[in-house]
Each structure stands twice: as C-alpha cells, then as structure tokens.
Amino acid sequence: MYYFTNDYSEGAHPRILQALLDTNLQQVGGYGEDPFCLEAAELIKEKLGRSDVDVHFIPGGTQTNMIALAAFLRPHEAVIAPVTGHIEVHEAGAIEATGHKIIPLPGKDGKLRPEDVQEAVDFHLDEHMVKPRLVFISNATEIGSIYTKAELEALSAFCRRHNLLLYVDGARLGSALTSPANDLTLAEVAGLVDAFYIGGTKNGALIGEALVICSESLREDFRYHMKQRGALLAKGRLLGLQFRELFRDNLFFDLAQHANAMAAKLQQAMENLGCSFLLHSVSNQIFPILPNSVIAELRRDFSFLTWKKLDEERSIVRMVASWSCPEEAVDQFIARLTELLS
Amino acid sequence: MYYFTNDYSEGAHPRILQALLDTNLQQVGGYGEDPFCLEAAELIKEKLGRSDVDVHFIPGGTQTNMIALAAFLRPHEAVIAPVTGHIEVHEAGAIEATGHKIIPLPGKDGKLRPEDVQEAVDFHLDEHMVKPRLVFISNATEIGSIYTKAELEALSAFCRRHNLLLYVDGARLGSALTSPANDLTLAEVAGLVDAFYIGGTKNGALIGEALVICSESLREDFRYHMKQRGALLAKGRLLGLQFRELFRDNLFFDLAQHANAMAAKLQQAMENLGCSFLLHSVSNQIFPILPNSVIAELRRDFSFLTWKKLDEERSIVRMVASWSCPEEAVDQFIARLTELLS
Amino acid sequence: MYYFTNDYSEGAHPRILQALLDTNLQQVGGYGEDPFCLEAAELIKEKLGRSDVDVHFIPGGTQTNMIALAAFLRPHEAVIAPVTGHIEVHEAGAIEATGHKIIPLPGKDGKLRPEDVQEAVDFHLDEHMVKPRLVFISNATEIGSIYTKAELEALSAFCRRHNLLLYVDGARLGSALTSPANDLTLAEVAGLVDAFYIGGTKNGALIGEALVICSESLREDFRYHMKQRGALLAKGRLLGLQFRELFRDNLFFDLAQHANAMAAKLQQAMENLGCSFLLHSVSNQIFPILPNSVIAELRRDFSFLTWKKLDEERSIVRMVASWSCPEEAVDQFIARLTELLS
Amino acid sequence: MYYFTNDYSEGAHPRILQALLDTNLQQVGGYGEDPFCLEAAELIKEKLGRSDVDVHFIPGGTQTNMIALAAFLRPHEAVIAPVTGHIEVHEAGAIEATGHKIIPLPGKDGKLRPEDVQEAVDFHLDEHMVKPRLVFISNATEIGSIYTKAELEALSAFCRRHNLLLYVDGARLGSALTSPANDLTLAEVAGLVDAFYIGGTKNGALIGEALVICSESLREDFRYHMKQRGALLAKGRLLGLQFRELFRDNLFFDLAQHANAMAAKLQQAMENLGCSFLLHSVSNQIFPILPNSVIAELRRDFSFLTWKKLDEERSIVRMVASWSCPEEAVDQFIARLTELLS
C-alpha cells in the first residue's frame, strides 16, 4: 500500500534527523532564542537578500495563520480569502476564534484577482459592516494552481493602493516556487507581500513553518502573540535545526522539485490515458477525474483522497506527491491504472 | 559552561531519537490518528488502569492549558489559580485571550487549599461578577513543592461539593510523582481530577504533552478545539512516538527520578554549606538564597536564573536539574560553591 | 421632507413616554430586577401561553443576537445564516468577535429551507471544520418576506432531527405576525424554536428587544452573559416599562399592523403604476425598482435608501413604513410618483 | 421606604423627559448621527474648551469600558487597575471576554499612584508575560474617594513616560468634579488622560455615558467597535437628547452637587453621632460602620447595601445619595439613626 494521500505521511528528510542527533545534548536557550533558530533565520534572510525582515518559527500552519492574522488586525478588521482558502474551510474556525470575520470570495482556480477583491472592498461601506483589511492567499493554492509574477504584482499593487495587507499561506510555497510554471523568486515574493510563511511540514520537516514578516509596522511585539497562542516551544531548537538544514544549501527547493516532478509524471501519464482533471495542476497536488469502479480497484494498492463526487459514476480524487515519494510508486500506480483503463 | 537554567536545554532522550529514525519513512495517517499516537494513548491508559479517559497529545504546555480551559468553560466562567500559577504569570495572557478571567489566590507554597478556594467562591455572589468554575493547580508547582495525597483528596472533594472542575498542569508531573515526598500514583491523580496533563517537554521529550480528560462530560468534540487553536499537528506521529517510548516501560519515571536526585543532591549540599532557601524543594527545581558576589562568581561556569532580589546583598536563584543532568556537573557545582563559601 | 428610510426615525409611542413620566421618581431595583421588567415578562409569557420560558430585555438587536449566540454555543460551534441575514452583513462582525464562524447560505427570498441547511450540514464532516450548531433566521426577513407556518415547522423539525438550535431574529417580528400573509401565532413561534427575540426598537419603543429563551438547556446563567456583554442596564426599568406598555393590551400588534398597512398601500399603488419589485413584500419594508431620474426627483420631498444599482438606469430602493407613519405621507408620495411616472 | 441603595433607583431628571416629549415625532437619522447627538457632542467639547476630541454616546458603563479598552489595545496588551476597580470586580469578566488580562493592584483608597504602576511595569519583563499598556482608574472611585489635580498630574506624567495609556471611568465623574475636595476641571481631566467617560446614568439620565477620546491615535474607526459590541443604538437620539439637556447649561454639575451635598450631610451627621467609616468620603457614596442591630432596625424604613462584614457585631454599609435625593429623606434617616444610637 502506498499513500498518495498527502505530503505529510512520512517523517523528515534524513539530514534533518541527523542534525537532531548531532546536536542532541548541546545545551541551548529556550523559546526560539537558541543559535539554531538564529542561524536558520539568517539563512532565510540571505535567500531573501535582505535583512529588514523578521523570521519566526512556528509549529504548524493553522497556528501560523491564526497568530499572524490576530496580531496584524484590529478587532473590527476582516480578512478577504478565496472560498477554497485553508483558513475559510479547514481550520475549524481558528481565525474567527480570534475575533475576525473572513469574507470568502469565489475567485478563480483557487486564486484571487484584483477585481475579486475590489468587489469586496466596494461592498463594505461603513461601520455597520466589518472593514476589509487583509487579503489572504495561498501559493501554491489548495487546488494545485500557483500565482505568476504578473498576478502577484497586480494583486500587491491593488492592495497597496487600497491600504490592504497582503499575506501568503506558503504551506506549499516550495512546490510553487519550483513549479515549471513559476516565474517568481522567494525574494520577489517577500518584496510583494506584507508577510508570508515558508512551509516546512509539507516539505520534508517533521514540523514547523517559517513566518517572514516583511512590513516593518507588523513586526513589533510579535513574540508576545506567539507566546499567547501557545507557539513558543520550550525546545524551539527543534524548529530552528530543521530550517537550518533545509536552507543551508538548496535542500528545501530540491525536495519540492522532486515532489513536483513526481506529481507531473503522474498527471502526464493520466492525461496520456485520456483522463480529465479538475484543473491542470502545476504543483505537487493533482486532481484527476476517475470512474468510481477504477477508484475502488486502485484503492487496493494505493491510498488517496476522494475530493468530490462529480456524478453517479465519476469522482474527482486528490493525489499528492511528497518530497520522499519513490519513483517506483509512481510507476506502479501508472502501470496499474493503465491496466484498469485499457 | 553548564546550564542549570531549566529542564529543556537539551534535545530528547536517545531512545526517542532512535524511535524517530526507526519509523521515519513509514507512511501513516495525519493529525494524531496514526498508530503511534493510538499506541501511546493505550500505554498511558494502562498506566492509569482505566480505559474511560481520553488522551490527546499537544505540542506545548501553554497550548494545552489554553485549549483545555477554553474547551471546558462557558464564556462567563472563570479559573481559580494560585498567584504563582503558570497561567497567571507566564503565558502572556493566553487564558484571557480565550475570554476567561483568572482569579489569582495567594495560596501557600505555590499550592491551593480548600480554604483558599472557599474564599474565592464566597466572594463571587452574582452575575455582576464572573462565576468561578475551574480550579487550576500545578504538580509539581512552579516553586518546587508537590501535593500530598491528603491535600489533593481534600481539594478534589471540595471541588466536587462546589461544582468546580479540578485541573492539574503536569508540566513536571513526572518530577512530582517520583519525589521522595510523594504518596500519589498516576492512577490516583486521574481519579481525583477532571483533567490533567503529563508533561513530556520537561521530561526528556523533544516536544509534547499528554492531556488526559477524565470526566466524561468534558470529552465531546475535544479534537475540534485542538484544531481551532492550532494544536493538531499534521505529523502528529512526532508526539505519539515520543510518548510511546516514554511509557512503553518505566522510562518516563526513570528520567524524572534522575532529575529529582540531582536536584536533591544540590540542595542537600547547599544546606550543608549553610544556605537557606525560598522553600525546601522536593522536586527538580530548587531555590537557594545566595550572596550576589557568589552568584557572580558561579556564573563564570554555570548558568541559572535569578528568581528574585531578596535584599541589597542576596538573591534567590532558581536551579533546575534535568533528566539528562550529569552527576559530574552537580559535583563540580558543589565543589565550586564550597570554595566560594569557605 | 418625510423619511421612509427606516422604522426607527421617530421616538416612541406616546403611551410609552407617558409610562416613563408616570413612574419616573418611583424607586426600584436595578439591572432588570425591577417590578416593571418582571411584569412585562409576565405579560409576554401570558401572550405565549406558557410559563416555562425566560424573558430578558436587552437594549438592541445586534447586542441580543451576539449575547444569545455567544451564550448558546461552544467555541467550535458555528452559526448557519442566510447571506442576507443581519448578523452576516450588518453587525460589523459582532458574532465573529465572540469567536464563532457564520456559514452563509444563499437561501431563497431571504429565508432558509431544510434543503439549504442540509447542504451545510453535509459539507462539515470533521474536526478540521467548524461544527454547525445553530440556525439563524429572521422573521420578517431583511428583505421583507416572512415564514409561513409550514415553512417554520419544516425547518424546526429538520433542526431537531439534526441537533441544531433554531433562533429567530425578530427585530420585525411584529410586522411578520400581523402580515396578511402570516398564519403563525407568537405562541407557535415559541413552540418551534429554541430562542427568539421580539423587537421593540423598530415597533414603537425607544429602545429594547425582548429575548425569549424557550429551551430549558439554554437558560442557565443567562444574566451573566448579559452583564459580560454590557447589556444589563442599571436602569433596566427603561426596558421593562416599554414592554409592559406594548404588551399590556394589543398595542404591540396594532403598531405593527399599521406599519404593514402603510407599506402595503405604497406597494399596491406602485404596482398599479407599473413598477416592479425586488420581491413582493408582505411586511413593512418594500423594495420597488425605479428609474434613477425618478428617484432623484422623489428625494426632494422624501428620504429612502438606495438598496442596489440594478443597471445604468434603474435602482432598487428600500422604503420602510413605521408604526407612526401618517397616511398623508403615503398619499403624498403616491401622488408625487404618479405625476413623475405619467 | 427610601432607597439609599444606589444612584440609579429613579428615572431621569424631568427636563430630560420633557426633551423626549418635545422631540418625539421629529424624524432623525439613526445610530448616533442625529442632530441631538451632534449638538450634545458640541456642548461637551465647548465645556472642554477644545474641538480635537471625539465624543461618543454609549448606553452603559460596562459597555463603554469594554468597547474602549478592546478598541485601544492589541491582543497581548493588558490593563492595570486597582483591585477595587469596576472592571476587575463588577463587570462579569467583560474585559477578559474581549481577550485582555487585567493586572489588579492594591493601590491606596481605591486609587493608583505612580509607584503602584511602576511595580507592575517592573514585573512584566518579556513576552512570556502580558505587556501592560493601559492604566484604568475611576474618578470618583468605587469607594468614594477622588483624585486631586496633583495626583492625576503625577499619574499622567508617569504614564506618558512609560508609554502607557491613561483611561478614566467617570461613572461618577460629576460627583468627583463637584466634590468640595476637588481641584480639577473637566478640561484639565481631558488634558491629562487619553480617554475618559462622563457618566450620565448615575447622574440624572435614563441611560447613557459620553466617552471622550482625547488622543488622536485612539480615534480612528471607533464607531466600528461600537457597532461590533452592540452599542450603536438605532435610536441614538435617546442618548444625544439626554446629554444635550445635561450640558446645555449647568444641569449635569448641579445634579452631582446636590447628590454630594446630601451624602455629605449624612456623613457629617453620622460623624457627629460617633460613627467611624471605611474612609472619609468626599463624593456621593459613603461607607459608615454600624452595629448589625442598628442596621436591622434602619432597614425597616431605608434600603442600603451591606458592603462587608467587619466583625461579628459590625458591618460596613454603603449609602448612596442620588441626584434626586430629597433632603427630607436624609433628615428622616438622621433622626432615626440618632434615636437608635442614643
């Protein structure tokens, strides 16, 4: 049985475990002020080519979104997000639990365009309604698409004109930036947004996301918010060590590229077999449409998620290739599907 | 330089790292529903001798307190805690951020007695004030004392009579239960309280606390609260694996006992040298009173916390012995202090 | 200039002011425990024909919704509401500020049907999402429609089957229950829902809504929630006196019926003049579609709200007839519109 | 039976009721944007001698405190207040329900001094604790004392040096500013603090407090916060009309002065009879110590609050003189007490 269910089914890249072993009894300070966290933050700043950002390491993605948004917003300010956005659907109301409304917009292919946001801004006229203040997007999106440089530039310019903050959930930022369709660099992302996070958990770490706060006005006292929401780990070293390992060379991007390549190989093979898709994915998640009978057969050897029933006979499934996905698993899946569809 | 600063300066017990290595590429389900978490929960239930409790693994202690209390209380209900309680002082207002007032009581030696709680109950008369609903205690306390069986029984009986929930922060529960002054078992604690947590982070784990919910009325939907507050880790395996290792034999208690023994050796030696203390500690934290000049000298080779200035010449310091504290470090400290005080 | 802008442009019915005068220097207890509040609650219970409900008087509608929902829900529980619902659009995020997500549904004509709610229930599968727990509806709705007995019964039965609470915002409940299209009694409403409020502010009171909690499980400690959200007025007598006056005979319903009659006369006349409408209203708010040029002319003598631009030439406007609307104002409006459209 | 229980046992000053009658059918805009509110705000600004403040009318005191503090603070920021402060004791956790911790300080005679606040500032060192940001005081205090000009200046200077906001709960500000012991003007209060409110409910209004925001940085978007917490009354005219009446001449201060005079007469007479007091009050609340047997006798004709049992035989009671307290009631009380104590 091989799991294409998600990109967090395995542990961590072996280099990360080795780093834990190598430093295990070294005594260091707690709560993210250890030398590993400091070094990891420096490595990320180097990759960004700037030192005027703050980098914080936080255990998980929902936690990162919640802390950042709660820290950045005043009580009456709201978040604009696509209906498919992780915060809108899959965080059990975490943002609302900190007091803020999410204004969901249909968007297009999981993405928001300036015209989408314009509509929300126009609708919210006075103090009887919330005040839209932050635009939340994901890159890669929750359905496998990514933002081009032109798209992110347009959205960023719009937000700045309208005094809106722009925030990127980068749970799969590695996958986005190493996509064949990508034309953005990590430094360019940082230049266009107010804050974003670099996802570790879904790209080879055991745990951990690196939040990068780009705008100076958002930086003050941020560690208070982390502590208050339970994200300052006593052994913060666990987070720092992993990001140090991922960013001291190209490991972070290499892992993402591998995941993308495996997903692309799966998608290409399925296209060759005549499958259609929810959308053409350019990242490590693909959404093929398959007959239910074929799905049932495939499940004997492979695990994956049914995304949505399409009609009585077919469903959209989600398959995710991880940083550690062996090419043999991909090949076996293709072989099996070829048999089933022939 | 040796750190007696706290019990989370090192990584994890080697057996824990080995378990991570051994299972690393095993694909398992996410969010705490993997076999490691399930097995760890079973092991803990066995130690408790009962199956009618729920066990949840949560990354950190502040997070555990916050999620549990927010899940257990209605908006108008308040928490009674000692002034020294972790939630009152060192969680950056995490409990209040979920909407609940903490009623701080002086207590005695870091502990609450029925008569303390009675006073708070008597004071809160009607709907113009909050309604006290949950009593928060720590065992071991934040200043090194522990609850005896008689004390916990009395407090438990009081709470039940007054319809108050009783919750134990067990960040250092291992230390409490292996203290020479202890007469409580883990199973007895579970029988006397509504919920408590077993601290991993301060007892040899990299990260993680095991929340045990004993009262049936508090169990429903608890995973929703974990998700909403950002505590459902995608790779929940990281938490399960550690507790499986700590509880598949006596490792959890062995580690705590070692820490206690090292702290006791330090305390005894200092008593012999004529030192006095904030209080006589029976756990792995000790609070000696030392001349500032001696403290300055000791700091050349040892790190520890200044707890409080006592007067112009002396301070109370906090020294913590960890699960991994080498006896040589203890001996060296004693030797150096002997020199300085002679 | 006459205002058809809303139903709260004037003060209070003269009998209410007289009651304030008559009792002004009578010394009574504070915070809603005065004899006027008690008597008003009794009068409402009599109208409902039952004594097993709690009645609380609260200054405003947004406040009533916020307090009730925050008191009734646990942190992970969400509210289902129509997209046009007052809490979703016009309460500045008050519900989210208490920590709860609203799940907006399109519904039909401002109302929710069992099939709408079913969809939301089906979508929310596990603890990664919020848990739908309360269905919020308004009667009359924000766009002038009302629930028939069959509709409310169907929704109520569905909610009970699915363990969902049913709550009615009755800011314009008087208008709904005196509508010619209505077949529900106040007592029947109380029998079908878990809680609802009877709007005073929009039906002749200076201020005040009467929240009726029907389900026993929701009643405990409710005054704590009122106090915590700032709704226990020191001079609660102000609220009690008004509801005593409205309910000691048929005044409450008489005022609503007058408002309905005036709105119906306006709507009928406009139909006769060939106008179309957002929908056929059966309550005291109507939504005619008018040419922008006509609107501009009408504004010289009458005030009303532009609800929405329809196209370049026409807009939907909202006109509200109040409890005190003089029939002459209605006649003058009709005369002027007749001129303009002829 | 005469009530000395509090200063909100009666309705409103007759001039206020007359103003309601005189304007009743005048149609005006809703939500505090009517001409009465605008005029009342202007009158208050005139009394303050400055136009660079914002004035908002809010139904009640708990609501005013909650909205102001929640609007002014970021999530990790805390409020410093005296242990006797209304927000700490008698608001059912309203401040905490908006997410903020209150740091209670003993203070002196219900007041805070710079040295009290200094201690709290010194204690809160880093992000493991909340960040003190706002100092809450009441004038008059909850136990009848008032701030002198020198005291308020010292506190204000301290707060500015330490980047702390200073906020005054003025539920009984009228009483404070007309006290014989007072040397502060309303304008001076405004110059020394960041925001304060002028209490109407306890000084002759039916309902309503006037919040004055003095610091420019706190003004933006304030009406959003009022709406979100349920304080924007549809018929905001009710609040504006009352403050217009209280401030269009000296009525507000005349009423307070009368209340003070009646309380002073009671206190003086009791002193003459040999009574002792919790403290010497200079406002409209007095706290005499009386034998329980005498209290029981007095209760046949007078209502007042038992503040606290002092010992087995004596209690501290609270007596409040209101704006409408007839001198005959005072004389009767004195006569009866004279009989009982002789």
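Every chain is named by a letter (A, B, C and D) in the order it is written, and numbering of its residues begins at 1.
The rule is simple: a contact is a pair of C-beta atoms (placed from the backbone, for glycine too) under 8 Å apart; a residue touches a chain by one contact, two chains touch by 3 or more.
Keep in mind the model is a prediction, meaning the values are calculated, not measured.
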Q) Can you list every chain in contact with both chain A and chain D? A) B, C
Q) Counting C-beta pairs in contact, does C-D beat A-C or the other way around? A) C-D
Q. Farthest from chain C in C-alpha centre terms, which chain would that be?
A. B
Q) If you average the Cα atoms of chain C and of chain D to get two centres, how far apart are those centres in Å? A) 34
Q. Per the centroid of Cα atoms for each chain, what is the distance between chain B and chain C, given in Å?
A. 51
Q) Distance-wise, how many Å sit between the C-alpha centres of chain A and chain C, to the nearest whole number? A) 42
Q | Set of chain A residues in contact with two or more other chains | A | 75-76, 91-93, 97-99, 127-128, 130, 224, 227-228, 232
Q. Where on chain D is chain C touching in the complex?
A. 2-3, 5-6, 8-12, 14, 17, 20-21, 23-30, 59-64, 66-67, 91-94, 97, 201-202, 206-207, 224, 227-235, 237-238, 324
(Q) If we count contacts the way the header does, which residues on chain C are in touch with chain B in the complex? (A) 31, 70-71, 74-76, 98-99, 127-128, 130-131, 221, 223-228, 232
Q | chain D residues touching chain B - in the complex, by the definition given at the top | A | 75-76, 78, 89-93, 96-102, 127-130
